[in-house]
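What follows is a pair of complexes built around chain A, which joins chain B in one and chain C in the other.
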Partner chain A sequence: GPLSERRLMDVRLGELPAWLATCNFSPQGLLGGMQKAWSSYYDKYINVKRGGPAGITMLLAGYCILSYSWNYQHISKASFLGSV
Partner chain B sequence: MNLSFFDQFASPSLMGIPLILLSLLFPALLLPTPNNRWLTNRLSTLQSWLFLLFTKQLMLPLNKNGHKWSIILTSLMTLLLMINLLGLLPYTFTPTTQLSMNMALAFPLWLATLLTGLRNQPSMSLGHLLPEGTPTPLIPALILIETTSLLIRPLALGVRLTANLTAGHLLIQLISTATIALLPIMPTVSILTMSILLLLTILEVAVAMIQAYVFVLLLSLYLQENI
Partner chain C sequence: VLHSARPLHTTQQSLAPLPPLPEKGGEVRYGLIPEEFFQFLYPKTGVTGPYMLGTGLLLYLLSKEIYVINHETVAAACILSVIIYGVKKYGADVAAFADKLNEEKVAKALAVKNEAIKGLETAIEQEKKEQWRVEGRNYLFDAKRNNIAMLLEANYRERLLTVYNEVKKRLDYQVAMQNLKRQKEQDHMIQWVEKSVVQSITPQQQKESIAKCILDLKALSKSAQAAV
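After this line comes the complex of A and B, so read on.
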């Protein structure tokens, strides 16, 4: 279909800058994008008939990695045998 | 002693933007709003079952007026439970280790129970300051003691939660530092320390859940006296 209506996973690498240009970067647009991303994740991994711990575990792992990246600057200054 | 063990409790900020708000909002992602379907996904079912069980358990001793508090108490319990449990994951930040946050939760809620009691049934609320059957000479002293214990309740609520969680996190960090430091020197002792760490982590999971429950239970008890 037309470039502006395709989802991010369907956009080819070469078309990425053009796709980014069609994006709506206003606050409503960003919020709408986040809502769409969350609901597609939720419907694919959590809101399924026989879901297991995998959906939430991926979310928690992502949260851990995000927290690590926020703390990285502080943690990287620690020597190995000292404390963080 | 390295004072930098306390660095894990510094409120995180990224280029000046406080991230504690994100740590507070993240549990909302893990609790989906139930939709109108009869058969929802497993997470929603589990969540509804837990909430109904908890609310029923909490509201049993309260009269009908107290049932107005069911939403705020259940949501408070859920928030504290999720925050405490998420704080046990590596590298995450636990907002409930901040005394400011716990006092901000404890003080207004306690004050609300106190003012509800004083407004609707003042003599009953004041009557709680003197237990039944006290010998007459002890009455003045006991009233002072009971007033002190009443006024110290919000402080106790806040500090209990803060101290339990902070102590737990500190212990985990200390013992894990010891385990890593001992590994090249005495591997056997290091493995022993690691088993202690495992037991401590199980304890911390329990403490996280129990502390959240105790906070809300005490608030409901204060409410029972006053409503």
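After this line comes the complex of A and C, so read on.
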């Protein structure tokens, strides 16, 4: 279909800048994009009849990685004597 | 304000019944990485591609100290091991329990739906019965019509009888009046005649009639004597 209506995973690498240009970067647009991303994740992994651990473990792993990246500066400065 | 000209339900789409939830979620390997990632790398690198990528990434992060190993790593490792052990051991039981809860919910909803359907079906049967009863209207109306006709007839006859009685009474009265008048006239006339006759008998005529009677009696006695 047309470029603006395709999801990110269906966009080829060469078309990425064009696709980014068609994106709506206003607050409503960003909010809508986040809403869509969350609802697609939710419908795929959590809102099912027999879900497994995958639904929340992926969220927790993402949270771990995100908080590690936020605290990276502080962690990397840890003194030698204090660790272990 | 309901605009009556606005059409309702123009499209086939409707919110009910909801499509059923998918049975299983998206495939995830090792609980962390979606299967799509492995499928994405399969054409170019085969089966071991993602694992190689993972190993290389891990070694890179460790060697460049992007992931530092400190006390938190040990804590994370212990927590992860406990969590994985717990999930592996009790996962099935928890899943069965959740499934049972779901089953109960669905069964309750289904029971409600069946009750509603049964209630509506009985309502339909009763409605049909009422419709069948409606066909008997004709007999009812015939009976009512007969009743009313009889009432009218009885009333008419009563009034007829009343009229007849009243007329007869009046005619009887007239007849009685006539009879009475004739009788009174008769009596009065007889009385008057008698009175006038008695009056007309003057003493002269009385004497003459008495003398005549005596003569007649004498003649009669003579003839009677002769007969005896």
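To be clear about the criterion, the second predicted complex is superposed on the first by the 79 of 84 C-alpha atoms of A that agree within 3 Å, B and C clash if a C-alpha of one lies under 4 Å from a C-alpha of the other, contacts with A are read in each partner's own complex, and residues count from 1 in each chain.
In this section, a residue touches a chain if its C-beta (ideal position, glycine included) is under 8 Å from a C-beta of that chain, and two chains touch if they have at least 3 such contacts.
Here the structure is a predicted model, which means the values were calculated and not measured.
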Touching partner for A:57 - first (chain B), second (chain C), both, neither:
second
Could you look at A:49 and tell me whether it touches chain B, chain C, both or neither (first, second, both, neither)?
both
Once chain A of both complexes is superposed, is A:36 in touch with chain B (first), chain C (second), both, or neither?
neither
Going by the contact rule set out at the top, does A:7 touch chain B (first), chain C (second), both, or neither?
neither
Across the two complexes, find the residues of chain A that touch chain B and also touch chain C.
46-52, 55, 64, 68, 78, 83-84
Within their complex, state which residues of chain A touch chain B.
38, 42, 46-52, 55-56, 59-60, 63-64, 67-68, 70-71, 74, 78, 80-84
Quick check: in the complex, which residue numbers of chain A touch chain C?
44-55, 57-58, 61, 64, 68, 72, 75-76, 78, 83-84
The chain C residues in contact with chain A across the complex are 21-26, 28, 31-32, 34, 65-68, 70-72, 76, 87, 91, 95, 99, 102
Along chain B, where are the residues that touch chain A in the complex?
2, 4-5, 7-8, 12, 14, 19, 26, 29-30, 32, 40-43, 86, 89-93, 173, 177, 180-181
